[in-house]
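Which chain is which? They are A, B, C and D, in the order written, and residues in each are numbered from 1.
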Amino acid sequence: MADKLRSMKEAIADTVKDGESVVIDGFTHLICFAAGHEIIRQRRQDLTLVRLTPDLVYDQMIAAGCAKKLVFSWAGNPGVGSLHAMRRRTESSAKDRLAIEEYSHFGLLSRFLAGAAGLPFWPLKNYNGCDIAKTNEAIKFIACPYTGETIATVPALRPDVAVIHCQRADREGNAQVWGLYGSQKESAFAAKKVIVVAEEIVDTQVIRRDPNRTIVPGIIVRHVVHEPFGAHPSYVQGYYDRDNDFYVAWEDISRDEAKYQAYLEEFVYGVKGRAEYKQKMDAGVLAKLKAKPRMSEGVDYGY
Amino acid sequence: MADKLRSMKEAIADTVKDGESVVIDGFTHLICFAAGHEIIRQRRQDLTLVRLTPDLVYDQMIAAGCAKKLVFSWAGNPGVGSLHAMRRRTESSAKDRLAIEEYSHFGLLSRFLAGAAGLPFWPLKNYNGCDIAKTNEAIKFIACPYTGETIATVPALRPDVAVIHCQRADREGNAQVWGLYGSQKESAFAAKKVIVVAEEIVDTQVIRRDPNRTIVPGIIVRHVVHEPFGAHPSYVQGYYDRDNDFYVAWEDISRDEAKYQAYLEEFVYGVKGRAEYKQKMDAGVLAKLKAKPRMSEGVDYGY
Amino acid sequence: MATEPTPSERMAHRAAKELHDDDVVFVGIGLPNLACNLARATHAPSLFMIYESGAVGCIPERLPVSIGDPALVTDSLAVVSQADIFQMYLQRGLIEVGFLGGAQIDRYGNINTTVIGSYSNPKVRLPGSGGACEIAVHSKRLLVVMRMSKRTFVETCDYITSPGHKLHGKTRQELGHPGGGPTKVITDLCVMDFDGGEMIVTELYPGVTREQVQAACGFSLRFAEKPTTTETPGPDVLRLLREKLDPEGLYLK
Amino acid sequence: MATEPTPSERMAHRAAKELHDDDVVFVGIGLPNLACNLARATHAPSLFMIYESGAVGCIPERLPVSIGDPALVTDSLAVVSQADIFQMYLQRGLIEVGFLGGAQIDRYGNINTTVIGSYSNPKVRLPGSGGACEIAVHSKRLLVVMRMSKRTFVETCDYITSPGHKLHGKTRQELGHPGGGPTKVITDLCVMDFDGGEMIVTELYPGVTREQVQAACGFSLRFAEKPTTTETPGPDVLRLLREKLDPEGLYLK
C-alpha cells in the first residue's frame, strides 16, 4: 500500500498547475481554506475555479490573482453579503474581467455527476425557458426517448484537481465523512487528480471498522494531507464549529481592497501554513469554536 | 408523527394488490423472505415481480402462482444452481409461460435510478450491439448532445410497492442500513408505496444520533414492520449470517415440484408468520447463523 | 417589548401561516428559515424541514445561520448528498413547499437573483441561482418573500433566474415544469395570490392602502375585490421571534 | 495430497497469474473469486478487489460463497451502493480487470449467459447477464474462464450477452465500448489470446495437443506458431488452494 501522506505545500506543488481547473469542494461544511491559501502562496495563475458556492476562499484566490475563470452556481457570503473580489472583477466597472460560467446548484452538480459516472452528459428536469439556459450555451435540451418531454442536459465536468476535506483518512487516502456531504464524492470521482485533506490521519484499521462511512476510496487519491483546523472559518462536524463571526467581519474587510490585501498579507502570505495560521487565532475564538461532543453509537459489522 | 408500525400481515394486506408490480429489494443481503412468504399466504396473483436478482424468494412466489411477469437481470441460486420454478415456466416446455423482461444489473438499476430521481429515463454506456438491447425494446439509444457518441437509455421504473429490509427503523419508517446497500434506496424512492421491515424498531432518538446512516426517510414510507429473522435464509449484517447450507439444499428441493410444494406447505402456508417460521428452525442452525459481534466505533456529531 | 411588529416580523409571521403540519418544506436562508422555525414552534410542530445542504428532518437547537449550519445535522433524521437532495427529493416531487426571495419579481412571479443590468455587462452582480431555479421548477407550492419597491417589483426582470407562471410568452405547462409555480407573494405591505398566472393582491397589512401598494410596485397591480386584512402577530409570537428564535436579530433587522 | 492438479486448479492458478499487484479487479463468483484470492495470497498481496455487490477493497477472512457474502463487508475499505459501483467505478473506468465465464463463447470473445436455443422459446434458460454485459463493455482487461467443449466454444453464440471484439459485424470501437475487450481465455486445456480481435491459442497445458484442443472447440481455431506450455501449479499452490482457500471444495469440484 502506498503512503501518500504529504505536506500541503508538497501536495499543492505537485498537483495544481497554472491554467488547470480546480475544485475545492464542501458545502458550508468542510471547505478546505488551507488548500486555497497554499495555492495563493504558491502564486498559481490562470486557474479555472469550480464550485457550487465559491465562498470566501475562492474570493480570496480571485483577489490574489490566481483565477481566470469561475464556474459556479451561487456566489455570496451566505446571510451576510457579497463576494467582493468577484464582484469587482465581474461588474461592468471591472478592468480585468473574470470569465464566468454559471449554473444553478442542480446543474453544476449534474456536471460533476456526469464526470463521476463516466458519462458525457447528465439529464435533469430544469431550465426550460429560463435565462440560465439562454446565457450558458453548455446547457442543452433533448427529447426524452420514451415520453417526448423536454429534458435539459449539461456536459460532464472533469476538473484537473479536486481537494476533499474530511474528518479522517488513512495514508492511502481512504476518506471518511459524516455530516453534510456537499458534492465531495461526485467531485472526487469526476476529477483527474484528488487531494484528500484530513483533520486526522488514522490507521487503515479504523477505516475498515466502519466501511460504510468511506466516501472517497484511496484508489482515486493522489496525495493525503494532514491539516488540522484546515477548514477554518468553515467547519468540521465533530471538530470545530463554523466561525460565523469571521464571515460577518469579512464583509467589511472584503469591501475595501486595501483591507483585503492586508488580510491576505497577514493570514495567507504571512504564514508558512495552517499551523502558523492557527497560532494567530485568538484563544477565546478557538475555545468557542471547539465542538462539544455528541457521540453516535457503534454498529455491528459481524456475521 | 405517525406511528406506522403494523404486522406483516396487515402491511401486505393493505399495500400489495393483485396485478401490481412489487420489488422486494436486497442484493444477497437483506432480502425480505418474510414479506414474500406473506404475499404467498395472502394468495396475491398476477404480480409483476421486479428485482436485479430474483433469488429463492421470487422463485417461491412464482411456484406459488403469485406472478405473471418477472423483470430481472440475473436469475439463479448463486454458486449453486438454477431457479427451478422460474425455469419451468420460461423454457420451451412450459405450459403457463411467465412473461419476462430482462436487463443487465446496470440497466435495471438505471431504471430504478430514473424512477427515484423523477426522470423519465436514465442514460448509460452499455448494450450497443448486444442482444439484450435487441430482445428488450425498452432499451433505446440516443446521441450525446455534446460528443455525438451513442448512449443507451432505459425508461424509468415506478413500481407500485417496494419492500425494504433493514437493520433498524423507527415507527415513522426512518430506516438505517449498514453493510451492502443493494439498490434499496433507489427502489424505495422509485416506488409508489414503501414497506420498511426492520430487525429492530428503535426510538427516533437512535436514528437522530447517527443521521448519515439513514437510507430511507420516513416521509416516503407507508408501513413499518418489526420482523426479526425476516430475511432468513438471506442475511443481515450484524444480526445473522447467510444460511448457505439452505441455499445448497434448496437445489434438491426446488428441482422436484412435489418437494417444492411440500416445502411451501410446511414453511409458508403452514405457519402464521415469521415468528412461527423461526420456531421451526433447528436450534443448531440458529446458533451457527448468529453473528459474532464486530462493533464499529461511534463518531462525533457535535459542533 | 414594543408590541408593534416590524415589517420583517409581519412577513415571517404571515409566511409561517402558509405552512401546514407535516408539510415537507425546502427551507431557504433568511426570513424563510425564520418562518419555518416559527411555524414549527407554533401551529405546525411536525413541519418537515429539508435543507438543500443535505440535512433532512431537521430540529435545530439554534437558529441556523446558514443552510449548511452544523445544528441542522445534529439530531436530524437523515443526512444525504446534495445529488440525492436535488434528484431524489426535489426532482422526484417530494417537496411540497419551496421558499424564494429575490432582487426582482414580475407579475408572473418570475424571479431574478442573478444580475441587475445586462448579463454580459452587469451593473450589479448578484449571487445567482443557487438552488432557486430548480426549487421554482419543482416545488408543489412556492412561497415568495420580498419587500416591495419599484426597483424590486418590475414590469420585466433583467434576468429570469427562477420561472414563474409565464416566461418569455410560454406557460409552465408548455415548458413542462412539474411544480405548481408561485402560490403566494408575501411582502412588507401586502400578500398576493396568482390568478390566471398573474399576481393579484388579496390581503393588505393593517392600515396599508391600495395606493401605497401600487406606489411601491413597478407594474400595474390587480387587486381582489375585497382584499382582507392580514392578521397581526400577537405578543406571544413577537416574544417567540425576538427572544427565542432570533435573539441576535440575524433576520429581524 | 495428490500432486497432480485438477483442471479447475490449473485454471484458478493460471487466471491468478494474470493479476498484478495493485490491479483493481472486479471479482466474480466461482473460479474468478478463487483466482483472485489465490493471487492475493501469493504474488499480488495488494490486489484491490471490488465486488459488484458494493464491497470495495475486500480482505475476506473466509472464501466468500457469494459475491454478496458478509465476509466481504467486514474489514473492507468501503461499502457503496450498487449505483455507485456501476456508475462511478465501472462506467467511470476504474476497473482494470474484469472476469467472466459463460455457457457459450465465440471466436471474437462474445459470451452467452442468457439462453440456449431461441430467446423467445429457450431450450435452456440460463441466469442472464447480471453485471456481465457492462463488465465486458467497461473493463480495461477482460479475463474469461471457461471449460472447453464443442457445446461451449461455438461458431455463433445463441445470444450475445456480453460483447467481445466484434459482434454482428461491428467492432468494439465502432460500437463505442470503452473497455479493452477479452484479453485472455483460460480453459481446462489451453490459454488463448486475441489477435486482430480473434481467439488464438498461445499456451497449451502440459501434455495437451493441438488436436485435442481443436476437438473440444466448435469452430476452427488459430494457433500461435509456437504455443508455450502453461506452468503447472506447484505443491505450495495446491496446498494453499485445497487446505486454505477452498477447503470445502466449493469451486474446486
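The rule is short, and it goes like this: a contact is a pair of C-beta atoms (placed from the backbone, for glycine too) under 8 Å apart; a residue touches a chain by one contact, two chains touch by 3 or more.
Keep in mind that what you see is a predicted model, and the values were worked out from it rather than measured.
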{"item": "From subunit A, the most remote chain by mean C-alpha position", "value": "D"}
{"item": "Between subunit C and subunit B, distance of the C-alpha-averaged centres to the nearest whole Å", "value": "40"}
{"item": "Subunit A-subunit B separation of Cα centroids, rounded to whole Å", "value": "37"}
{"item": "Chain centre separation in whole Å, for subunit D relative to subunit C (CA means)", "value": "57"}
{"item": "Per-residue overlap in subunit B, given as positions that touch at least 2 other chains", "value": "118-119, 124-125, 149, 178-179, 185, 209, 212, 235, 237, 241-242, 294, 301-303"}
{"item": "Multi-partner residues of subunit C (each touching 2 or more other chains)", "value": "55, 70, 73-74, 79-80, 87, 91, 178"}
{"item": "Chain-level touch network, classified as line, ring, star, complete or other", "value": "other"}
{"item": "Touching pairs - complete list by chain label", "value": "A-B, A-C, A-D, B-C, B-D"}
{"item": "In the complex, subunit C residues that touch subunit B", "value": "24, 46, 48, 55-57, 59, 70-71, 73-80, 84, 87-88, 91-94, 178"}
{"item": "For the subunit D and subunit B complex, residues of the former touching the latter", "value": "29-30, 52-55, 65-70, 73-74, 79-83, 86-87, 90-91, 114, 117, 119-125, 127-134, 137-138, 159-163, 167-168, 170, 175-178, 250"}
{"item": "In the complex with subunit D, residue positions of subunit B that touch it", "value": "27-29, 52-53, 72-76, 78-79, 82, 86-87, 90-92, 102-107, 109, 113, 124-132, 135, 149-150, 178-183, 185-186, 235, 237, 241-242, 244, 294"}
{"item": "Subunit B residues touching subunit C - in the complex, by the definition given at the top", "value": "1, 116-119, 174, 185, 189, 204, 207-209, 211-212, 214, 217-220, 301-303"}
{"item": "Subunit B contact footprint on subunit A (complex, rising order)", "value": "118-125, 140, 142, 144-147, 149, 151, 153, 155-156, 167, 178-179, 206, 209-210, 212-213, 235, 237-239, 241, 291-303"}
